[in-house]
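Each chain gets a letter, A, B, C and D, in the order it is written, and its residues are counted from 1.
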């Protein structure tokens, strides 16, 4: 079984640059997360964008969508900033013949307390269990695209009424 | 959404006792794993057995099965030692109206390099995505009960021919 | 044995704020580091400044110096940003009757790969082993104030010729 | 600056063997601990014994002492099980022209919560700060050989009356 992983940046990939004393989107971390375990899956990481998701625009979303559409694989993960993950999920919704699970992290993967590994696990478990469609795996829940929002105050994802 | 988690012991819960200089099955660790993240799920932990799974017998499996059968919830996780997890999965197979996902860890959850968090993520993602039945979430894969074995030499779970 | 710890900020205390998507100096982390272990020392944490050390000026250094001078304890640790730690060490040099060991971290204490715990250990080991004076504990070495510089390109502290 | 590190086993090096479901003394972990940071010291690791320190006898201590005596370096660290570390410290006491700092860990270095990194830091800081002699760096304290005991009930090292 093979999973293709498309990376758009976001908090999960943020790293600290000492020289500049700030925090920027670095290389995708999902590959290192999955390589850390002895898994019985193959995966390929595609670094498409390195953006804070608040800075993503329509063109960025089309770039991401096109990259995914050119991949033959049915099993797709997308790492993405949390702030506009629900918007991007809706843009990806009409991609046919794929189960696409998006995830990210509330804290950078480099953090001791990051939710990145756990969220990656949720997404890997979900992508091979769900019918075709676009989903978000955050806060321990699997949400359908169009039925999910980020609750910024609480720091969780929840069902959109 | 609520998940009930039944714990049977195994490597995931093994702890080191300095006084005895050996390694024994301690309290379930899955609660601490899930409490470490801000999740949008409720869960309840039921400590049923604290056994290395090589020491589990038919009676133990019936005890575990009975505990699960008395729970009204559809969403069930089971933490279990890896060596006989496939055998126990088959025993649980005829429990109706439940999606049961079993997982454990190849290294104790206390280890820096443990797969416990990632496997817990896979199981949480799978339990809410799959039709009723019994499954094993190990090595990044979701296996159906009866179609999975542990490859001890490789240290992974794989499809049973 | 009691150690008083004066905190001036720096990379060791940097945290990531999701809302602002940047990285700021947070509360001192040294207390949490030491509380994580069962130690046979008492310690008290004094949060004096929360600054990137590139932003510290003469007034800040006098504020720090005065705070330390008002403490009766002989055993003093100072957490501090790495960029101007050697300058501050020279300012503290004429404080009498104290062994002062400064340290910080090249990566935030919140990072999985941070040197904060190890550096804290070096400083704790040194402060009770050295004669009165001001020292810097970084890169696994104990340097005397006035004889040390940060090699920014290499990311280490070294002896100043 | 170079440090020679002699390893005698103990909890710090204990690892979990899945196949045997028990816990044994593995390869020295101190090298990996120090390699994890960008340090300005050289070090060499000598694996002398791999024993739980409760199983060390007089011959083992002489083997360790002889190995250290054949090393020209003044700066010596010894990793050792905690239970008989004070006894071994007394045996090493008459080695001339060396500063020897012993340490170990109350929890295996492989553990997330291990004190191994912090203790290694204390020992590295102390070995370059102290006059020649034999010391133990545990529980955040530097003790002189002959004036220290392990308080098993409390899980700390303390001054021997």
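Worth a mention:
Heads up, the rule we're going with is that a residue touches a chain if its C-beta (ideal position, glycine included) is under 8 Å from a C-beta of that chain, and two chains touch if they have at least 3 such contacts.
Nothing here was measured: the structure is a model prediction, and the numbers come from that model.
Comparing the CA-atom centres of all chains against that of subunit A, the greatest distance is found for D. Annotation: 37 Å between the Cα-based centres of subunit B and subunit D.
Subunit A and subunit B have Cα centroids separated by 26 Å. Annotation: 44 Å between the Cα-based centres of subunit B and subunit C.
Along subunit C, residues 106, 113, 155 each make contact with two or more other chains.
The touch graph of the protein chains shown is a ring with every node of degree two. Residues 1, 33-34, 36-41, 106, 113, 115, 117-126, 128-130, 137, 139-142, 154-158 of subunit C are the ones touching subunit D in the complex.
Residues 11, 14, 16, 18-19, 21-23, 52, 54, 82, 106-108, 110-113, 152, 155 of subunit C touch subunit A in their complex.
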